[in-house]
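Here chain A shows up in two complexes: once beside chain B, once beside chain C.
And now, the complex of A and B:
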């Protein structure tokens, strides 16, 4: 892999991370982040916010051939900022507004002018909350780790 | 046969208004919120999502509220709603190995890599009514009471229990299955028989829990027994990823809770296959162990043809099982009997009267006597 490709892979990884966090954010978190921006960018819809569903695929025995497990709601949106950056928003929530804000933030994250601001006001708080949720849950779960003893029957 | 009837609009409207009042109950009692249902009746929400075949906690909770807690009715509402949603794509296949574990047990091996984790379970409760839950305004259980572990930020890696048997070649292996080929989809094409395992698993995943439970129980009692062991049951959360064509790389759109069960079944071998353990697979949205376990029993029972087993019991008969698993269909067909069948019944009545007359039975039917 040459360095240009490496850069590209790194960029994709970073974008994957923020798109995922924007999807998992609460609408309240997104609205709060939006309200904190003083000079809000103008944007137009490339794809108006819409709600629908996706089919979740699983594998037989967890590892075998794929099958259709069941559906999940999804909302999505695509926007273009006045300065040309294009953003895509996705979330499993049944919320058009969530998809719209996620798309706008995705576009703003690609814009060096806004990036660090959006990172600190929106992306990292969501990442921290998710991490906190995971570690609290892991701590509680770990306390239920169990060692069963097998009793030998007929032992003198 | 049902013949259409007209009229009754006013009575129907009044009945629906009455239903709304019934649903709300005594207005002196606080109204249930969707958040309350989601948080405090989460297992009901899980069941409605699984059998409604649509993962969305808010919509499932709404359906439960609207159906006054009638889960099969709520499942119907969710199924009806999903038909209004356009299909925007398919997920990457979920990798249950990457599950963030909330519970994981095996009844086949005591010591398993990653350990046995009980999580939150009713298994070891005494099933005594807890009257303290009746008292209002009691303090919530403090989370500090749980022993705080040092640095348990990440759950340990938990390899599949069945893989331990794989090492010795004592259990059948699941082939990866080349590519995504043609994955049958019940929501797009009607069920055709015989159905392959992928289609059967889709049908079982959305099947009525009660029906699967009874059938699974029947296999244990000897109607198609396949000597099951709960190789592994795991419950936890995992990310759902899609690869939108406009991006060209997979992204996470959200997280789901899921329960997975791998049954290990004894198999004494056939002409083609050596003695080994075979597998049955069950999976359900949310935390639904009873459903996942029953599904795994039925999955294995329905694989009888693969192992050269004779179909002798209902649970092994895929036409019987797959035609009756869906509670939306079943409930609809049973309950349509409530609709007016007046014309149909009149003709039956005429027929019985004529047959009796031909037999020389002079006495009029009981119905006429009473009516007279």
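And now, the complex of A and C:
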């Protein structure tokens, strides 16, 4: 892998992380972040916010053939900022506004002018909350952890 | 990580607009020779508004589409199809559910497309042809189911050669392709049941 490709993979990884966090954020968190922006960018829709069903596909044990696991509700949206950046928003909720804001933030995260601001006002707070949620449930699980062991049998 | 800034938007109101397209095309199909208006939508390069509206309404991830040379080379159009429709592009016209002909110069013989089969005549290719004009004044005379009285349609596609191909296409009913003529926001449909003849002004 050459350095240009490495850069690209890194960028993709970073974008994957923030798109994931934008999807997990609550609408309230996104609205709050949006209200804190003083000079809001103008944007147009490439794909107007829409809610629909998507089919989740899976493989047994991660290796078998694909099968349809079931459907889930999803909202999605794609926007273009006035300066040309394109953003995509997805969320596993019946919430068009969420998808819209997630798409706008994704586009803004690609724009160096907005990136650090969006990172501190939207992305990192969500990351912290998610991290906290995870550690709380990890602690809960750890407290009920049972270690099974078998005594050596059959020896006199 | 700069995205393509040219990417075009789909319908402003996808549910409403695509149902309007279905309704209008259904009418045009039932009354061959009728020219209907499709909803307005942004379009790419040489693609007519009506063709774009047809793509956005009819194509989905299960659709295979054959593109004429000019359209195949249009990167932005291909991206748009990929993004909004998710359809697959095929090189083989005889397996395509839809064919899109951007320019009459690129129109192959109708016989290269799928006429469907005896069990499933509906699996034939729907051929969308872009034309520079569509008019009721003069042109070929339409006859067949859904045509009442003297219905005429004029478009640059009606050459002697095309009319012969159409005749062959009509003969193999219930098989055969259906043709959609797109011009600006307008569409007229030639279902396989229609007979074309009696050319007055050619």
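The criterion applied here is as follows: the second predicted complex is superposed on the first by the 143 of 156 C-alpha atoms of A that agree within 3 Å, B and C clash if a C-alpha of one lies under 4 Å from a C-alpha of the other, contacts with A are read in each partner's own complex, and residues count from 1 in each chain.
Definition applied: contacts are C-beta pairs under 8 Å (C-beta built on N, C-alpha and C of every residue); 3 or more make two chains touch, one makes a residue touch a chain.
Computed from a prediction, not measured in an experiment: that's the story for all the values here.
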{"item": "Clash-or-fit label for the pair chain B, chain C on chain A", "value": "fit"}
{"item": "First (chain B), second (chain C), both or neither touched by A:140", "value": "first"}
{"item": "First, second, both or neither for A:82, with chain B first and chain C second", "value": "neither"}
{"item": "Which of chain B and chain C A:4 touches, first, second, both or neither", "value": "neither"}
{"item": "Following superposition on chain A: angle at chain A, chain B versus chain C, Cα, nearest 10°", "value": "80"}
{"item": "Which of chain B and chain C A:51 touches, first, second, both or neither", "value": "first"}
{"item": "Touched partner set for A:152, first chain B, second chain C, both or neither", "value": "neither"}
{"item": "Partner with the higher number of touched chain A residues, chain C or chain B", "value": "B"}
{"item": "Gap in Å between nearest CA atoms once chain C and chain B share a frame through chain A", "value": "5"}
{"item": "Touching both chain B and chain C, residues of chain A", "value": "50, 78"}
{"item": "List of chain C residues in touch with chain A within their complex", "value": "1-5, 7-14, 83-84"}
{"item": "Touching residues (chain side chain A, partner chain C) in the complex", "value": "8, 11, 15, 44-48, 50, 78, 80, 84-86, 110"}
{"item": "Residue numbers on chain B that touch chain A, as the complex places them", "value": "49-50, 53-56, 58-59, 82, 85-94, 96-97, 100-103, 110, 115-120, 143, 146-149, 152-155, 160, 162, 174-177, 180, 183-187, 197-199, 201-202, 205-206, 239-240, 242, 244, 246-247, 249-256, 260, 262, 279, 281, 283, 285"}
{"item": "Partner chain B, residues of chain A touching it in the complex", "value": "12, 16, 19-20, 23-24, 50-74, 76, 78, 88, 90-94, 131, 134-148, 150"}
